[in-house]
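This is the structure I have questions about; it appears just below.
Chains: A, B and C, in written order; residue numbering restarts at 1 for each.
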Amino acid sequence: MSAALKVQVSAARMLTPVVREFTLTACDGALPAFSPGSHVQVHLPLAEGTVRNAYSLTSDPAHTRHYRIAVRLQDASRGGSQYLHRQVQVGDTLRISPPANLFAPHGTARRHILIAAGIGITPFMAYIATMEQQQADFELHYLFRPGLSDAYLDELQQRLGPRLHAYDRRPDLSRILANRPLGSHVYTCGPQPLIEAVEQHADRLGWPRNRLHAEAFKGAQPGQPFDLQLLRSGRTLRVEAEQSLLEALEHAGLQVPNLCRGGVCGQCITRHQGGAIEHRDSFLSPAEQAEFLMPCVSRGSGPCVSLDL
Amino acid sequence: MPLQSSPVLSYRDDFSFRNSPAAIRRFPFPFIEDSYLYSVNIEPATSRDPGSVYEHAFDIDEHYRSEMAERALILDNDPRRYLVMPHMQAAAWDALQMLMENLAVDYPQWFSLVRDGDRWHWRNHLLRIDQPFIFGDAASLPCAPLEYIGRQVQGDFALLDQRDGDLYMDAGLVTSPADWSLAFDAGMSFKQWHAPVPMAHQMGVFERALKYLLNLQAGQPVRRLNWTLTINPRLDSSPETFHQWGADRGRITAQNVGQQVHLRVELQVMARLPRSNAVMFSIRTYLISLDELVSHPGWGCRLHRVLRDLPDAIADYKGMTRYRQTLVEWLSQFDPLA
Amino acid sequence: MTHTHNRPIVVMQSATAGMAVAADLHKPLLLSGEQPDFSRRLQQALASATVGCRLYLLGDEAFVWRIHAEARAAGLEDDEISVTCTMPGLRQVYCAHCGLTQTAGPEPVLNCIGCNVGLEVRAHFSRRLGAYLGVCINPDQPYAGFQP
């Protein structure tokens, strides 16, 4: 894995009562270039150990003098977003991982139909900047709670005009998906139920799955604490309720490759060898889950899990 | 390594191409044991061994001017060697940026890049090029960006679009291929363009390699070596010109093996292009005659054992069937156990 | 309005080539290469088709891959197109040497009509070109001319 980047918070503002935007500039040297749809992991030094949360870059990929991210305050979170909302000040330094992309636009699409819900608008901010420059054919369907999760709404209304379709309740997805010209691709960023609803409507209309692209914002969720036995090294660790299995491994000094920290990219795949497991990933097949788990999201559901580490 | 100011050497007609002793010493001899079978022999492309071909991401060596002259000849004769599909424009600029930035940092005595926003100024002292241009504006360069930079960097370049969980060869500048055609393979998926390679499919090599490359991260390029044999130091061993060079394989004798048969090694570097999310697949070709090769202790003996024991399907794919026996017999003189 | 433009499209080289396929589909739009205004009708069908449409191609290799390229250019994805080579017949061969794509029979060798090099037809196939790769079969005598 490449080294973390040190950045300074050069600006911060509230976009809505629950969404805070941060502008990040490099502490030394230049920031690496990135493609639309990329995210960074922000390292958050919480009391119980460092947590890494993934956030989409919302800034224009053509300009990397700074990065921007927008963070929604999560009430039920493990404290990462609360730390960013309440502790971090302009002038503070943060450590972030270099950008990685698991949600890139489809290169040969003729029309891009973007569907965002709430904070799911973030990757599309970079999409829109790039697609405007490339004069690509796109439209944005933006679902939000007015005055609460409608980040960037005013700016988008001005920039996009009739290409923006705003909704304060779930729109009729069949209307969005029906009668689309060949060459259309759909991108959904939002909670898992919305993504599944788009898939169901698309299936019914005969859309093949490779015209559908999605990114769920789905970080590690808390659960029951459990013990971890590392069979190769003979160590035993404790995974706390608010901690992911991956974080417990990192806390103990183990390096496990990872990109998404959301059970999607498959990088942190680890073999398990005992103990009941609650699989929460969307990468492994049921057959593979019998042998492997994704420690970024999945957890033990009993007292102890053994790993081939 | 120092560049010769000597006249440009040729990769065709009289084949005046030669390696200096220094070039022989740094030749990337690919065999790490006495036998060869396909593997996903990929490693991180980190800088190592100063002076070696692994020191810099894009190796510039004593053949720079000769190779650029050869590329210009090929491109002028056959424009099919360059192809960029419309959706690969961003990737082409991405590639230009990666190449210019690397060359300017690694070889400041030969290349320089000054950037002021989108206004860039590129200087190539070796080819006497001084070019101000606007990044992203193709009209500000004498030709399209990938062709422009490709005419100034040794090695072939293919740009792969990542979509649908696969890689598609949708752009490239390829003038020294080992018997494959960009014009024909363009638009193919990873497995489609590898279809002619024997045995490797059954071994699952391409499945694993594709999975690895789909996860390639910006700033963490990887590399591997590949090899074949070529008669004469001919860079352009393409299908396009096979009717001009294929007959050479029938003219190998015990007397001319050492001079005419060349080991051809490709240093392949795969890098994520950060702005476009495309993958740049660069193929830097090194040629060495067997006379030059056996001057290095141990290489002649090892090559003898590898070629003697190579499975027939691979030998045939690498085009050596017609002269393999002559070649192996000649090489056996360097193997004390033969 | 809905469901009018994502009807399946069946394109047959000749009227009889694909009736069995068409019988299994819901309200297919049938096009035959033998119709006098076939090209215009195909263009129209593709231009008005919407996502969800599936295309079924039936005929010899030269025919189906030519239509395949047209459909891809119109925005259909590879896996929305079903290709069935119903009849042995003509196929396209791309000459590596002069770059000409030419119609050929099933035989493994031919003389390029562009540059006169005797070509061996390799198994390597390009969907983009709809053609097999043809490369000089005898570099010792490239222009000797293969006598079929």
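Note that in this section contacts are C-beta pairs under 8 Å (C-beta built on N, C-alpha and C of every residue); 3 or more make two chains touch, one makes a residue touch a chain.
Not measured: the values here are computed from a predicted model.
Asker: Write down the chain pair with more C-beta contact pairs when B-C is set against A-C.
Answerer: Taking the two pairs in turn, the one with more contacts turns out to be B-C.
Asker: What chain lies farthest away from chain C once each centre is taken as the mean of the Cα atoms?
Answerer: Result for max centroid distance from chain C is chain A.
Asker: Suppose every chain is reduced to the average of its Cα atoms; which one is closest to the average of all protein Cα atoms?
Answerer: It is chain B that sits nearest the middle.
Asker: Could you grab the centroid distance between chain A and chain B? Build each centroid from C-alpha atoms only and quote it in angstrom.
Answerer: Measuring from centre to centre gives 38 Å for this pair.
Asker: Can you work out the whole-Å distance between the CA centroids of chain B and chain C?
Answerer: The computed centroid separation for chain B versus chain C comes out at 34 Å.
Asker: Report the inter-centroid distance (CA atoms only) between chain A and chain C in whole Å.
Answerer: 43
Asker: Counting only residues that touch at least two other chains, what does the list for chain C look like?
Answerer: Nothing qualifies.
Asker: Of all the residues in chain A, which ones touch at least 2 other chains?
Answerer: Where chain A meets two or more other chains at a single residue, that happens at 210.
Asker: How about chain A: which of its residues touch chain B in the complex?
Answerer: 2, 32-35, 37, 61-62, 98-101, 104, 106-108, 134, 210, 259, 265-267
Asker: Touching chain C in the complex: which residues of chain B?
Answerer: 80, 181, 183-188, 192, 195-196, 238-247, 249-250
Asker: Where on chain A is chain C touching in the complex?
Answerer: Against chain C, chain A makes touches at 110, 177-184, 205-208, 210-211.
Asker: With touch defined as at the start, can you tell me which chain C residues reach chain A in the complex?
Answerer: 1-2, 5-6, 46, 49-54, 74-77, 79-80
Asker: Name, in rising order, each residue of chain C that touches chain B in their complex.
Answerer: Answer in residue numbers: 94, 96-97, 99, 117, 122-129, 133, 135-136, 139-140, 142.
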